[in-house]
Structure formats: structure tokens, C-alpha cells
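Notes for the one structure printed next.
Each chain carries a letter (A, B, C, D and E) given by its place in the written order, and its residues are counted from 1.
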Amino acid sequence: MLNDIFIKPFVDMATAPDFLLQVLWEGLVSGILYALIALGFVLIFRSSRIFNFAQGIMVVFAALTLVGLHAMGVPAWICVILTLGVMFVLAVTIERVVLRPLVGQPDIILFMATIGITLFLIGFGEIIFGGENKVMITEELGIPTDSVVLEPWGGLLILEQKDITAVVVAALLVVALLAFLNKTRMGRAIRALGDDHQAALSVGISLQQIWVLVWFIAGIIALVTGIAWGARAGVSFALEVIAYKALPVLMLGGLESITGAIVGGLLIGMLEKLFEIYWGQPLLGGNTETWFAFVLALIVLLFRPQGLFGERIIERV
Amino acid sequence: MLYRTAGQFKTTYKADQALFPVRQDAVLLAVILALVWVIFPLVASEFTFQTLLIPILIYSLAALGLNLLTGYAGQLSLGTAAFMGVGAYACYKLVTLMPWLNPVVAILFSGVFSAGVGVAFGIPSLRIKGFYLAIATLAAQFFLVWLFEKWAWLYNYNASGAIQVPNLEMFGVYVAGPQASSIVQYYVVLAVVTLLTVVCINLTRGNLGRTWKATRDMDIAAELIGINLMRSKLTAFAISSYVVGVAGALFVFMWRGAAEPNLFDIPLSFRILFIAIIGGLGSIMGNYLGAILIVGLPVVLNTLPEMLGLPISPATVEHLNVMIVGALILFFLIIEPHGLARLWALIREKLIIWPFPH
Amino acid sequence: MLDAGDTRETLLEVNNIEVIYNHVILVLKGVSLSVPQGGITALLGGNGAGKTTTLKAISNLLHSERGEVTKGSIVYRGERVQDLDPAALVKKGVIQVMEGRHCFEHLTIEENLMTGAFTRRDGKGAVEADLQMVYDYFPRLKERRKSQAGYTSGGEQQMCAIGRALMSRPETILLDEPSMGLAPQLVEQIFEIVKAVNEGEGVSFLLAEQNTNVALRFAHYGYILENGRVVMDGPAADLRENPDVKEFYLGMSDEGRKSFRDVRSYRRRKRWLA
Amino acid sequence: QEISAPNLSYRTGPFAATGIPVMNGQIDYFTMLNERDGGIGGVKVNFYECETGYNTEKGVECYEKTKSDAIVTQPWSTGITLQVLPKSNVDEIPILAPGYGFSAMADGSVFKWAFNLPSSYWDAASMILKGLGGDDMSGLEGKKIAFLHLDHPFGKEPLPYLEKKAEDVGFELVPIPVGLKEMQNQSAQWLQIRRERPDYVVMWGWGAMNVGALTEAVKTRYPMDQFVGVWWSGHSDDLQVVGEDGKGYRSISFNAPVENAPVMDDIKEFVVDTGKTQSDEEQRSEVFYQRGLVMSAALAEAIAAAQTHFETDVIDASQLRWGLENIEMTEERIAELGMTGMVPPFSTSCSDHTGHSGGWLLEWDGEKFVKASDHLMADAEDIEPLEKQKAQEYAEANAPWPTQDCEM
Amino acid sequence: MMDGTAQVFGEQQERQGAVKDTEGYVTEDGRQIGGTLMELRNITLRFGGVVAIKDISFDIREGEIRAIIGPNGAGKSSMLNIISGFYTPSEGELWYKGSKRPPMKPYEVARMGVARTFQNIALFEGMSVLDNVMTGRLTKMHAGIASQALWWGKARDEEIANREVVEKVIDFLEIQAIRKTPVGRLPYGLKKRVELARALAAEPSILLLDEPMAGMNVEEKEDMSRFILDVNDEFGTTICLIEHDMGVVMDLSDRVVVMDYGKKIGDGPPDEVRRNQDVIDAYLGVAH
């Protein structure tokens, strides 16, 4: 038993390093995708302390819009632009209809409101796009679909080009967001808003403008995420469940931190894959990925209650 | 002036602490009790029992349990369904291991197990707060459901991996299982729910309730005035999980009749959270109002197109349903973020001063 | 200093407003006041009189507290402003310093100050210069510029909040209880700064204050609010001499200041309007 | 006067993709009967849907709502089946679960009110093993089979049979569960497959799980001709996602698409051309839609049988129960129905509520599914005792459980 | 131990465990001040690099009104936080009733008879005034969960007995009219009074007040002063208060500690402190 837990997995890793690399790569790619969803969360959380549960469905919605438009015969790149337009309209609508009347309400109420939005979008989306699984227009968007096959140590390592693309795009996105939040006037305003929106209002920061902006950026992130996930697994409402995975990523990284979202995503992606392959499947009957991320995040939080990169919780009296 | 409180004076603190200091409220309560204990059972059809009355009661109870934790003690939980699952599986093991056990006793006892699990997953709340705490409850949510699936002992190793409620007798009448009649099950549920509601009302208006509310409103201050936060939070987790666990046992034994692990997955947790929030956090009555809305509404919506003779396909109705429920949640949150209970209180306040506007 | 008789252009005019919270709680029952250009106008009154509510009604911050102005009008430079959003009002030059500081906890002091300049479009240089000006007024802030505001003391936060408002180059500042929780020296200092800003930069102030003593020393004109109504108003100098004000707001009796220890019997507040 | 036969459909939710074509086929067949023949025996069949979204709670709600006038319940999910199964005894309404539900429901003496014709999941497992290892399965000896399945009662259903066979035949069985939340992201499962290097992968997949598995299989370059699925994993739409790369993938099925079968002409004439269908041209030529037709045909046969036997037009639930026990889908009858080649002949009886029709392996040729094997039959010797045993266990756990005596 | 009815608000506090070795003194107005109740020895408090309190010692005697004053950020609130166990000092010891206090959780400190109010009001916003004040009595109620669940026996008796005590406090502070109002809706000054009521309901032996009069006008300050003096007078409660209004401080307190930048720059009777040049420079600005 102890051997199975402490020795055998490592022996396995050492004896098949190419397989270990493949496991890590798969973990990295899903980690990046979790992180992308988490990024949308972080942005919205920072600017409004809203725990935006709807980010998952926004991903689905963006992807469906893109594919749906393409199915109507619109050229791929125009589809992207139109989809962005749709996401903008969505952002404006959410701000007008939901956020504005709920300004200043307790966090949990706003959280609940985003679940309301989620339900609404699920129903609305199914009526418009139908429930069937659809194929992402990967090639039409010019994303390479071949795979790169490497043979380290005489083994086999398969890297999908679209995964590589996703990793690169995610990295760029993070850099851009970090610069935006920390170096610009708008970024500062977004952070201020998250701390105390009354005070933000009083210094002339317009909630409406910033919220539309932030939700729109979240919409862009959702589209990117949707393309990346869709290319891997097709587009359907079942995608929505992966949004749950973004939660432990967020908590682990810290709710306010862009860096946290990325680091958390990568950590969780790789560790859960390693755990599943080397411990979960042989010892626990598999499928540990459903909870591993949550338990991992929980354990980390016990030591750092604000997550790895979250802002220190200020407790004063 | 229907709702006039003037002239009703209290001369002792005891009278002032009575449950319903305003006479009209007591009358209203009497009417409601008469309805649920006498009138409904007389007139309800099988369909009404199965799709409205019984589920509304059970969901209310689950929401009540959650409300103790989230509404009163301020600890956000997204793992309600899993704790219900613990109650249900515990009850299943109890009645299969000890077939002679009185089923109602088994149901009430199974809550103890979920209380235990609840406390275990509540321990992180001592360090982790707010949304971060949600992760602890989510860990419970996903881990427990996984466990229900993987731990074959829990479902007596049967092939489907699901639990099936056996026929259970009490005083010569079937109370659970396929042979039990709806009206019997309704009364059992009603009795348990009434009992636990009274208990919860007492707990929340007494010392423990104040401890919880203090912890919720400002935990630092609470600790500084002498509240042991650990005890306060853990009792909240324990009692809340107990109630939720009992609700889970009722859910499977008095209503569903069978359960697969993923029944206790996160959508159920959210559903109960909806009920608690739409009803009103920190309110007892709200849970009932919320359950009526969230459980009753889709049923009504489903029958609506048929009644109106609209030619909408069932699938579209379903989609519309989801959409409408989403929209309604938003609607109610916007008109009164503090829930239906607060809305009622507001109406009541207006009634009291009616016909004057302020 | 402005004299009582001095009539200047009226900047801000509040006409008979009524405010209701939560649809049921009537808080302001008809408040009227006006703020002249370049003046310091004080709004005095006990706890719960409605000072904060009045200021929030002007700066349109009531909305997020479920309050609304149900009657009356608020006019700034001849234009009705009560339907604007707060940001638009800041652009017009009216900014509020909220009661209880409300600094952005997780931002540093300097970032806090910079958010004050959010609506400004006059370039980095001008903002930079104003930052220096604020640091000159409040050297303590300069020392702590890199600390997160959440960890600074009450007084530091108050300075930060005022400094932040100054950063928007306002024309009118609505100042809610600037002296609360400040050391006496600092209260004096902050009022000196208010005076300096008022005279130096020509900024008008509407000032809600409990510390009647200081407020009436620095203000030009005062309104006394009780229970949601204006019960008395007049030039600051006159108010200082009014026997009622003296007794109830300045704590003076005929023999001069009374010791707090000697107030043996609880005095009942005299109501102007019962 | 009409016969009310509700279908607890799922055109929404995570499995809608699989549900829609089958539901379309089912309803179209009855529409066709109503239009062409004026119903069955002169009585129109009101075949209506109650939407469950594959959600058990909704399903039970539908059951309660429809049961007052329904002569049959078609629960359409293992979860709903589990819940209405015991109730059906009390309410006396037959449950028809074609191609799903409990395999042990085959034992009609115990499951008096339940039917899972024409083949059960154990049949499916058995046929797949035969298809891979020959009629005596000897080809599987010493081989390794990965059993990739949904972690759900449905996915676990064939395990008792497979485990038994692994022991008897001597192959190694590696069960690989896929969580409901992992359906879209099966890289861990396929890494495991890559590590285990199984000779075959047998898939018990459903809805979005199929696409997930197929794309991963293509990515990890698992040979498609060693990859076989149950009949719910043989959906053309799912395969469309991998297209050419999926060539060689097989799925067991109790029906096969026959594009120009006579019944299809009638469907076209009476349903499509009158605008009464929700299906489209392409869908109608596919396996799932036609499976819906086959399912409805079986139900129609049962109704007809009951009508003749009881000499009444408007049959009730218990009469239909008899009808379901006396379906005779002979080669000739199938031909009369215009369904030659679409379904193998089978018949049900009091003790056999399944019929054990057997089936074919269908192979994806890059564009569509084609028959790729002879008619395969499940091995009754092993399955029957297993059915008896599990049915007995079920009855005991749910005592008192009414049974019927099939000997007389 | 208190069983609810035996001891009600209004009776003299028992002064057990007070150290008798230090001599008390008699104040100007003739009150007898007892021995040392609490003593802080060489307290230092650091937050990362920031030194909030640097090597401060002082004592609080039984029955006296002790004030702490100093410029903003001097470390006054931090000092109270140390006394009430919210911060643990980096160095130094704290003696209470004659024995060294081990590191304790804040709630344990509260149970030893230390009650306080807060600089930024810390009321329980979701509860009514009455409930808020009742929380002050939490430490005195011991009924088990079963009894509470059934609202029977001990729980009910306790509830009524403690309610009587609380009503007395409410009467005393003249907040009867708002008894059932949710505190969230109250104006600032009343909130401060409710906070005081909550602290008083605990019948503390030492009461810590962090700027009890901030945001009040003169009249209200007079009321508040009255309450403080009466509490001290009638129940002999020791009081330690932080206040920026020099009038109040000088009039009320028996002895004053002056802090600046975490250091103690003066300690003694008001008159003495008022004349201390360091204090004038650092804090008062002008002589008061």
C-alpha cells in the first residue's frame, strides 16, 4: 500500500519520462483553459466584487454565436467581429438590466443574480442555437490543426498545434491585462471600484461605463476561451460545466489576481492530471479530477486564506 | 385598517417574546396550519402531492437548513446537495442494516451523520471567509458525490450504483417505498418539517441565533465581545447540516424513491440556494415562500401553454422555462434583494400604517 | 473673509427637497439652502438630523442606498442636476468627501489620490503638480504614499480622502464631517487647509460638521438642521452669538464653557420645531 | 377516441444531441400511422412528448402528469426508469425502455410491468465481445479490453456481465470511468488508455461523451478499428466531428439504417411532405432517427396485438402489457412493415421481456455508418442466469415486490 | 458564575482578585481609586516593518477613568486592541488582576470582564438594537442547545432574566424608543450609544472606549459624558478611553497617557499633561 502511494508512481514517472511529459502537457493545456475562464472572473470580481458565475455560459454563448453565424454563411473573420458585437450588446444589457438596479447589494445577492443570468442565457441560447453539439470553425479561423510529434528519449510526445496556439494566446492576453490593470487610469479605476464603489462614485468614476467595459472584456475573453475549448471538444451547452473548474483556480490564485488565475490554472491543470494518472486511477477508482482541484485549493487556502496571489484581507477594528 | 397593531400592548417580557406578538399574524398562521394539515390533504390529487406539496415541503426544509448557515451565521455554502446526499445515504444504510428501525426515527437520525460531515467541512471556515469559504463547501460537494459513486458499500453493491427505497412500514402502514401512498408520505413530511421549523425558530430567536447573527454581521467584533467563533461557526455547520441531512433523507425516502449519486450534484445545491435567497436570507418564512416559487413555478409554467392551447413544442417550453426562471430570479432580486420575506415585511409595514403613506 | 452682507453669485441651490429611504423612511422633510460661489457654508445639526443625507442628495449618491429625492429641486449653476449620475456631477466640478473616509483599502495612498483625478483630461503634468500640492498640504501622506490605505490610521485616511477630492480640481467640495476622529491639532490644520484652498484656489465648500465650534469659526454662513428640517440659518458670526446655538451647539452657558463633569442633570434638547 | 402514449422526451439538456433524432423518429412513425392508416385498428394514437431534459425530477413530474390516461410510460433515462419502475407496479402502467434501462428487466416473471426490447445492454456487451473475438470469444483470450464508460448507472450497467466474461474467457478488463463533468475533457482517460495499451476500447458513452472520446482517440492515434461503442455511441453527428479520422470506428446496434426502405417512403409521403416533422433530410437517413422508427414500430405492434387479443379498439394499460409480452416481429412481419434490414426479428413473452433480437456492428466509413458484420446474437446461456439472479436481488431489496407466474 | 437572575445590572461589582499591594489614590473630587487592575509592561507591537507601539508601559487602576490621547496614527487603537486580545504584542507583558495574562483569544479576554466599543462602529447591522444589546450578555447565558431548541426550561428563564438586565441598560442609556429598530438605520450618534449599551450589558470590570464621542455635537457629548461618569460612579467600572476632544478628556479622566508615534510622551493627571511641553508640541498644538 505504502509502496503504491509513495514509490510506484515515481518509479512510473521515471521509467516513462515521455509519458510524464505528455501528462504534464495535457495538464498544462487544460490548465490554460481553466485559467482563461478564471481571467474573466477575476476582471469582473476586481471591478465590482461580483463573483460572476455567468462566465462559463458566456463562453458557451460566444462560441455558439460564432459557430451559428458561420453556419449562416458569414465568413469566419466577420463572424468574429459580429460575435464581439454581440458580446458588447450583452455587456451593455447586463449592466443596464441587472447590475445597475443591484448596485451596493450584498455580494451573495449579486452572485445569485449572475446565476440568474446563467439560467436565462442557457434557455435563450438553446432556443436560438439548439442543443446539438457543434463543430468549432477551427480551420476557417486559420488556427493550425496538425500536431507536432516529438520523440524525447525515444518515446512519443504529441502536441496539438491548436493547443500550442491556445497557450500562446493566453499568455499574450495575460500580459495585456496585467498592463491594462496596473498601468492605466482605467485599470486603477477598476481596482478602486472593487474596494468601495460608493467612494468610487463620489470621485466621479462612472460605474456604468466601467462595468460595460469590464463585462465586454470578459466577453472577449469568453470568446477566446470558447474558441480554444470548442476546438478541443466541440461546442455545446455541456461546456458550461467546465466553468466550475475555474472556481478552484480562482480561489487558489486569489480572487483579485490576474497572475493568480494563470498560476492557479497551470498548477491545478497539471497537478490534477498527475494525481489522476499516477494515484487516482490506480488507487481510487479514477475520476478524481472532479474534486481534486477543490481539495487542493482548500488545502492551500488553509495556509493562505486569500489564495496564493490574492490581496491580503484587511482586518482592523 | 386590517393590520392594526395599535392597542395591542405587551405587559411582560414573556409576552413580548412570544412568537407572534401581533394578533393578526397568529390568525394568519392558524389559517395556514389549517390549510396544510386539513384542507390540502382533503382536496389534493396524486399529481399535486407528488409535484407540489411534498417537494415544496422538502425543499423548504433544505433551504431552511441552508438558511441557518448562510442567512443566520453568514457562512456561504454551495454544498447543500452533498449534505442532503449524506443524509439520504445514511438513511439508506440505516434502514437496510437495521430493517426493524422505525423509518421516521431513521430519517431523524440520519441527519446526525450529515451534521458530522458538515462539521468536518466547516472546520476551514475558521480561517477562510466569504467566497473563499465556498471552496470548502464545493470541495465537499464534489468529493462527496464522487464518494457516493465510488464507495459501493454505500449503495449495498448493487449493479446500478443507485439506491432504491425499500418498502417501509410504520404502525402497519407503508410510509416509504413504492407501496406507500402519497397522503401518508405527505403527513410524515409535514410532521417532520413542522417539528424542525419550530426548533429552528426557537434556535434563531434565542441565544444561539444571536451568536450566529453576530458572527455573520461582523465576526471580528463578535469575537471581541466574547463569542467563541469556532463554536459559533461549527454549531451553525452542525445544525444546518443536520436539517439539510434530514431534508435529504426525506427527499429520497418520502418523495423520490430512488437516487443516483449525481442527483446530489451542484444544480440541486444551487436550487436550494435560490430558494433561500429568493425567499430571504435570515428569515424562516422566506424558505417556504421561496420553495413555493421555485418549485411551483416551473410546474405551472409547464401546464400553461397546454391550458392556453398554444402550439409550442415541449422542448421549447422547457427552454422558455429555464429562461423565465432565470429572468424571474433577476426580477425578484431587483425588486427586493432581501427576498420575499422582506417584501412581505414591507407590505406589512405599509399595511400597519395604511392608509397613511409614511 | 466673506462678510454676511456680501452677496455673491449662488452656485448651488437646494429647494425644499424631501428624501425617502427604502420607500418608507422619510428623512428630509423639506430642506432648502444655497451655497454661494467662493464661500464656506456649514451645515450643522445633531446626529441623524439629515446632514449626510442632504449632501448625498446633492451629489446623487443616494441611489445606491435605496434613497430617493421625492420632492424639490437641486440646481447647480442654474441647471437642474438631480438626475445626473455622480460622475457627471464631478465633471461639473462638484465632489463629495464622504463621511467615514471611504478610502480604497487595497490601493496605496498615492493610487488613492490618483483616482481623484479620474475625470480630469488636462494631462499628466497638471495632475502631477496637483499631487505635489496635496503632498504639500498633507506631508504625512507623502510619508505613507506607498502604504495600502487600509492599514493607515483614521487621521491619515481622512487626509487621504480630502486630498483625493482636491485632485479632481473641484469647484465645490461637499465635505462631510472632516473633523471626525481627528486629533485637535489636525482638525485645526484641516480647517486651515480648507480655508487656504477656499481662498487660494477659490473652491466653495459645503461642510457638514458636528464640531460646531470650529465650523462656525471657519465658515461664512451656517444652516442648522434638526430632524430633517432647517431650523435656523444665518451668517456664521451671528449664529455664534445666538444664545440657543451657544447653549446647545457650543456647550457654553452664561458663565463660559462648562465642564463636562458638571453637567449633572441630563439636559433635554430644545426643539425649535416640536 | 384515442390511445394515449406519452414519451418522456429529452430534447434539451446535456444529452439533447442524442435525444432529438430518436425522438423525431419515434413521433414521426406514429404520425405516419395516424395519417396513413388512421391510427392502429382504427384508433388514433396520441403520441405526445413531455420534456424532461434528462432530468430525473422533471421525469417523475411528467410521469405523474401523464399517468392518469397513459397506457405506457417511456421514461428515457436510467434515472427516471429507476424511479418509476417500482411505481409502475402500483399504478399498473407498463414501462417501455427500448434499448436502455435495467438488463435484468428481461425477466418478465419478476418485472411484470417493465420491457426493454429488443435487446439489453448485456446483450450489447455480449455481441461486441463476439464481434471482436468470434462467436466463442476465444479471440479475446489474453487480450486487454479497456471499458470506457460514463460514471453513471447507464455506464456501469454492463459491468457484471463483462466481469464475468473476463474471467470465463480470460481477457483483462480495465474499466475507465468518465465523470459527467469530464465528458468534454477526457484527456486523463485517454492518457490512461495510452499507458495501458489495451487491445480494444469498448465505449459505453452518451451525449457529449462520445465526441470527447472520439476526438481524444484521434489525437492519441488510437487505432479506430480497435474501438467499439454501444448503440448510443453510434451517432452520426458525433462522428461528423472527427470525420475521416474516425474511419473504422464501430458501434453495435439493434437497428441499421436502410435509406430506401419502404417505410421511409411512407414517412416521406405522410409526414415529411405534409410538413409534420421536425427532422431534416439528412437526419432521416441516419441510425438514430431510424432507431426511433423501430422503437415505435415495436410499440405499435404491441398495441395491435392487444387489440386483437382483447377484441377492443381502445386498449388500456394492462391490456397493452399483455400486448408487449406478445410481440411477434418475424421476418415476414418486418417486411410487411416495410422495415426489412432495419431490425432483426424478435419476439417477447411472459418470461422474456426483452426479445434478445441481437444486432449488427455498424462501421463509420468516414461519412456514414454501414453494416460491418453478420447478425450477431448475445449468448443467452450466460446472460439468462445473470438476469434471473439480478432480478431476484432487486425483488428482494424491494419486498414486497409483486411477481407473476409465467409457467401457466 | 451567574445564573441570570441572581445578579442583575445595578448591583455593585465584586472586586475579586484585585491587587491590593499598590496603593490607591483619591481624586480631586474625592473618589477613592483602588489598586492596579491592569498593567502593561514594555509593550512593543510591530506590523511587518511598521512599529506601531514602541516599548510602552502604563497601568490602569481599579475604578479610575484612564484616557489615552495622541495624534492620529500614534497607536492608541492598537493599544486597546492589545488589551482586548485582538493583537498580540510582539514584546512585553500584560498583567491583569495581579497575574500575568497568557496569550489569549479575544473572546477569552472578553469573558474575563473586558468589554469595549470600537472606533469605527462595529455593531451587528442585521439585528435590532435590543438583539445587539442582548449579545452583550452572551457570555452570561449557558442554556444547552436542546433547551434552546424547545424554548423551554433554562433557556427561557435565562432569556427573560437577561432581558431584564438589558432593559435596564437600555433605560439607563435612554434608547428605549429605538429598541426594535434595526441598527443599520440609526444615525451615527445613536449607534455609538447602542455600542456602549452592548458593552455595558456585559457588566465588565474594565470598559474600553475607542473615541466614544467622535462625530457628536456638544450636547450629545454632554450626554455621553454623563453616561460614562455614571457607569464609573454607580458600578465602579474601570474605564479606559481614547478621545480627541480635549475638553472631554481633561474634564473626565483621572489620569492621561499621551502617545506619539508609538511612544509614550506623557502620563499623569490631566493638569500635568496639559502643561507638558512635549505633549503640546506633538498633539495639542496650543495649550488647552
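The rule is short, and it goes like this: a residue touches a chain if its C-beta (ideal position, glycine included) is under 8 Å from a C-beta of that chain, and two chains touch if they have at least 3 such contacts.
These numbers come from a predicted model, not from an experiment.
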Provide the labels of all chains in contact with subunit B and in contact with subunit D.
A
Based on mean C-alpha positions, I'd like to know which chain lies farthest from subunit E.
D
What's the distance between the Cα centroids of subunit A and subunit C, rounded to whole Å?
45
Based only on mean CA positions, could you tell me how far subunit B sits from subunit C in angstrom?
48
Using Cα averages as centroids, what's the distance between subunit A and subunit B in whole Å?
32
Averaged-CA centre spacing for the pair subunit D and subunit A, given as whole angstrom
37
Contacts with two or more other chains occur in subunit D at residues 11-12, 16, 151, 179-180
Which subunit E residues sit where two or more other chains touch them?
77, 86, 118-120, 122
Two or more other chains are touched by the subunit C residues 25, 151
Note: in the complex, subunit A contacts subunit B through residues 51, 97-98, 101-102, 105-109, 111-113, 115-124, 126-127, 244, 247-248, 251, 255, 284-285, 287-288, 290-291, 294-295, 297-298, 301-302, 305-307, 313, 315, 317
Which part of subunit B faces subunit C closely enough to touch in the complex?
346, 349-350, 358
Interface with subunit C, subunit E side, in the complex: residues 29, 47, 50, 69-74, 77, 119-120, 174, 185-190, 211, 214-223, 225-226, 229, 244-248, 251-252, 283-285, 288
Contact set on subunit D toward subunit B in their complex
9, 11-12, 16, 48-51, 53, 56-58, 60-61, 64-65, 68, 78-79, 82-83, 86-87, 89-90, 102, 104, 151-153, 156-157, 159-160, 179-180, 278, 390, 393-394, 397-400
So in the complex, the part of subunit A that touches subunit D is made up of which residues?
16, 19, 22-23, 26, 29-30, 126, 130-133, 135, 147, 158, 160, 229, 232-234, 236-239, 241-242, 244, 273, 276-277, 280-281, 285-287, 289-290
